[in-house]
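Going in written order, the chains are labelled A, B, C and D, and every chain counts its residues from 1.
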Amino acid sequence: MAVRAAVAGASGYAGGEVLRLLLAHPEVEIGALTGNSNAGQHLGALQPHLFPLADRVLQETTTEVLAGHDVVFLALPHGQSAAVAEQLGPDVLVVDMGADFRLKDAADWETFYGSPHAGTWPYGLPELPGGRAALEGSKRIAVPGCYPTAVSLALVPAYAAGLVESEAVIVASSGTSGAGKAAKPHLLGSEVMGNMSPYGVGGGHRHTPEMIQNFSAAAGERVSVSFTPTLAPMPRGILATCSAKAKPGVTADQVRAAYEKAYGDEPFVNVLPEGQWPQTAAVYGSNAAQIQVAYDAAAGRVIVISAIDNLTKGTAGGAVQSMNIALGLDETTGLSTIGVAP
Amino acid sequence: MAVRAAVAGASGYAGGEVLRLLLAHPEVEIGALTGNSNAGQHLGALQPHLFPLADRVLQETTTEVLAGHDVVFLALPHGQSAAVAEQLGPDVLVVDMGADFRLKDAADWETFYGSPHAGTWPYGLPELPGGRAALEGSKRIAVPGCYPTAVSLALVPAYAAGLVESEAVIVASSGTSGAGKAAKPHLLGSEVMGNMSPYGVGGGHRHTPEMIQNFSAAAGERVSVSFTPTLAPMPRGILATCSAKAKPGVTADQVRAAYEKAYGDEPFVNVLPEGQWPQTAAVYGSNAAQIQVAYDAAAGRVIVISAIDNLTKGTAGGAVQSMNIALGLDETTGLSTIGVAP
Amino acid sequence: MAVRAAVAGASGYAGGEVLRLLLAHPEVEIGALTGNSNAGQHLGALQPHLFPLADRVLQETTTEVLAGHDVVFLALPHGQSAAVAEQLGPDVLVVDMGADFRLKDAADWETFYGSPHAGTWPYGLPELPGGRAALEGSKRIAVPGCYPTAVSLALVPAYAAGLVESEAVIVASSGTSGAGKAAKPHLLGSEVMGNMSPYGVGGGHRHTPEMIQNFSAAAGERVSVSFTPTLAPMPRGILATCSAKAKPGVTADQVRAAYEKAYGDEPFVNVLPEGQWPQTAAVYGSNAAQIQVAYDAAAGRVIVISAIDNLTKGTAGGAVQSMNIALGLDETTGLSTIGVAP
Amino acid sequence: MAVRAAVAGASGYAGGEVLRLLLAHPEVEIGALTGNSNAGQHLGALQPHLFPLADRVLQETTTEVLAGHDVVFLALPHGQSAAVAEQLGPDVLVVDMGADFRLKDAADWETFYGSPHAGTWPYGLPELPGGRAALEGSKRIAVPGCYPTAVSLALVPAYAAGLVESEAVIVASSGTSGAGKAAKPHLLGSEVMGNMSPYGVGGGHRHTPEMIQNFSAAAGERVSVSFTPTLAPMPRGILATCSAKAKPGVTADQVRAAYEKAYGDEPFVNVLPEGQWPQTAAVYGSNAAQIQVAYDAAAGRVIVISAIDNLTKGTAGGAVQSMNIALGLDETTGLSTIGVAP
């Protein structure tokens, strides 16, 4: 019997991507689609790439519309998910692709979002230590942020293995879809093409506490993070360059071994052969992450680079992967490790 | 029992794309992969997006390597396919993604390619009138050129319905992957980004006689084609703007009706609702074609615009679709109409 | 004594480009800068590339602010220029980069813009037959649309020389800056990168009557135009592919000779050597136009391709060039034929 | 009397850019242009954006051809400049845009380039402490690498003011022109568009010792550098994110003050107002650098971000600026701080 899934926020980029993936998912039947300002419109006009759903009409995001599904994906502005989830009740699997339930520390939430903390849900990054167990059978999933996905896949193994010091420096580039579909002048094609620009510099980006949370849990001590995101002239993809000082005596071989061990059995994490570097184009539209590690002896730092598709592994693919685990399906069902390139 | 498929020329763009599609094809098992200058290398280094095949090693393109498969896809420079096909024998399905067997007229071939004509194979565009019948059970398939695919889908219905005069004017933009993976200075990223440029202007492009062939067959008379291709700053996609003078008395409704009739049952051709226009992003990585028609009363012309992915519907997707028909499989097996967007 | 110039609409793309050019103009001193919704802001935040003007503050667009200048450039939404010009009086040179005064035919205006016709000003395309004479000493200039600039430079010589029939077919690609700086979802970087899409197909684009006006004047008879604009994934540039049937007996040599004659003395129009094709990258940020002609004997058509920068020669450069003529300065003052490439 | 300048390597990107700038330089007359594999070709076919030089023919790179000029710009593969300079003699100003004479430490050179060290010339970054004095009257100039220019402008003031610890972490993105015009598969437009990828990770990039040299000189102690370059999908521009731990007690105000003091009088370095961030588009084609600083109290790091055009300030603009100083001209002659945007 098919899993019936609804998507709230189907006209945006996260909503469109989860629909793209669910259309290819053999166990899922797509139910209600909602969108606030676009309610009443055909999906074909809003998401013309989702040809099989072109004639579907967006409904209002209400409990009535979303009720009666096995799974509800929420692609809503932050602050709205708690109320929806409560109304849907405890038996519906609610997968929140927004930020509301990612952080464990209420003070962190309030500092970065300026509103009361809604709570903490099981975290949808199965590749973390203990990640899968937290998701099995769960009826609530907090999908990680796109940057924290890329960055945690990159550095958590080093922290878990005790290889690096507790100060991480991260610079990551994201494609523009990470900034969403709301029309803002600085996101116009004329502005972003041919342009690299940073934002949220100096610790202000809301994904920073999520990285600290993941690193600290792996390290068993508080890890500080200097995170600089940059906007890159491409629609999709995150390339994260992550580094930390190596602990005394750590060798390049130890570093590499830690990553091969951590990810040797992971279906979606691809530790590249030596000499080959991650690139966002290779994971375009796929749920795979590419990882490569280097040990810079002169600078005494471990550098780990990861590439993901921010909308797939970084959002909707991670959501579907986590849903699969929560529902007891094979984790890879409906998901691909094959990118669309060139 | 699985269909075993080999790919000759697996390191290029057409070869990579057919592998991307075959990996998702439930009836196909991927056999030998060959590449001339890259023989001996791992596919992972050459096509890093094809993660499941990363450990496969390219072999030389020889009859021995290609023998013993049910289907052999040829992604070779033109002039090489005939010899390979002959050696493989008549029982192997040979799908040529090159130009060698597309043209019926030997003189046209010699004019545009400057070499003897190898022959004519059944033409892999099922949506043409009689197109499917020509492919059923065939052991040889000539996959159309990418531009002729886009352009024929756009104008053949108008010619078949007798709506337009016998002079077509076509301007089409292609992503750079259409020019292949051989490193040439004018194809460098530094040169193509931020740049639109034409080439083969004035009738010189080798895809012109193929368009004339398709239009003339539909019209029942010789159709002339003015074709200008332009290179667009994007990796994939063709947007073709095709027009011809309307025959006297033709109305906009008649034009629209002809396209809805021609493509109403086609699984991969999407005649868009009025007011919506084709865009290459919507078919990125998909086997779908988007079509829209307009009748410009002031200029007296029928304008038809089509968008395809040059590597998917325009090459490898068309190849797999035609293979499906030739093998008696459901035509849509392993192919998607869902684009990767944004 | 310096020419004092004001710019109304200085926060948009046309306004920014005219300021970029005026900063390099040795005879011009930049006076008031206005912008409606952005009044009160520093230009540095809105146009960060115009470093020397970073500390200038935008004022409201009022007669008081714009008064007292020798030249006023208007980069306003259409419909607003007439009132401003009237208030400035007949002694100020008013250069309208909007559409209001381009068309001679009031009925055309009303059909395409749906409002009363404001009038007709001398047309700022000096390269047209008689174009310079119309501008000398004028106190009013209607700067042509960007597409009509590219397209008229391409086909007017063929019409003026009587070489082609009176039906033109034009397909042109524009960079996204042609659509302006107002934030609209379909102009987001996520939407336009990797994407080619048409708009205004079938005769609806407002630049069509302007092309007809220019061609018809050159041909001495009514010329019909089928015009299809497409949006290309680049910030700047127009590539126009323009064609018409050759009149009986016309030869390739005649065509080429007509263009070399028409443009042999033009400082900004570059008829390329045979074998070389226009490309938008070569004119990036420059006031030059590249032109190439071809005669397709098989199709019986003359094809002319032009490349310009839509913001420079297509808008602000054409405006400054016309201002130079109107003021009796050397036409090329402050303007460059050198592109920024790669 | 005009300065006569020759350019060796005029067909590449650095050579083309220095010609673009010299064409606008009021004191320079362009003399011989050379290019090895392209000798005999018209520049118009190789650098179509340099319209005023279209008819110039490239000559062989020989002493005879280069002799008789006041200034010779060398845009040659590394290892070739020493011999050319020696033959030109001590009275000609030789400006080397290659790497040969940038490093002071012969061992560093040999480690990173694997060949004997040619020597050290005055370093063409006037904004460094003592930078101008080293260039005045000099007959030899080693133009810095593009990354070291961006990175040194970013961090040298912090080191010179003693604000940060001696371990720097740098991640910088470059447009593809930084990789040159030689056709390589991974630089094809099809590969780079939509793609971010790192290279030279872990200390291997040849620009690393140059950064160490500049930082160490400013700090008065050996500074280590972890440098990761990434290739961005744009033709031009470098965005460098540079950070180091703040020394104990350092405040955000101290950091900002140090940068305002260091660059307050610099004509080409633009420390942005607080709240505004550098972007490569704003310096496209200009010789300006944009700088912004942040102090991340939680991570205890000073983060400095710089944006330059890799071909202008990062190569040819820096070369012309240094030439101006060496020749006793106003440093800004022929150079612009205005970018081409959008």
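One rule holds in what follows: a residue touches a chain if its C-beta (ideal position, glycine included) is under 8 Å from a C-beta of that chain, and two chains touch if they have at least 3 such contacts.
Treat the numbers as computed from the prediction; the structure is a model and nothing was measured.
Chains that count as touching both chain C and chain D, per the definition above, are A, B. Of all chains, the one whose CA centroid is most distant from that of chain B is D.
The chain pair with more C-beta contacts between its two chains, of A-B and A-D, is A-D.
In whole angstrom, the spacing between the mean C-alpha positions of chain A and chain D is 37. Chain A and chain C have Cα centroids lying 45 Å from one another. Looking at chain C, residues 13, 175, 177, 181, 188, 190-191, 193-194, 233-236, 279, 281, 284, 342 sit in touch with two or more other chains. By the touch criterion given at the top, residues 13, 175-177, 179, 181-185, 187-194, 233-235 of chain D touch chain B in their complex. Residues of chain A that touch chain D in their complex: 167, 169, 171, 173, 175, 188, 190-191, 193-199, 201-203, 224-226, 228, 230, 232-237, 239, 241, 243, 245, 277-281, 284, 292, 294-301, 303, 305, 307, 342. Taken together, the chain B residues at the contact with chain A in this complex read 13, 16, 20, 23-24, 42, 44-45, 47-52, 54, 177, 181, 193-194, 235-236, 270, 272-273, 276, 279, 281-286, 288, 290, 336-342.
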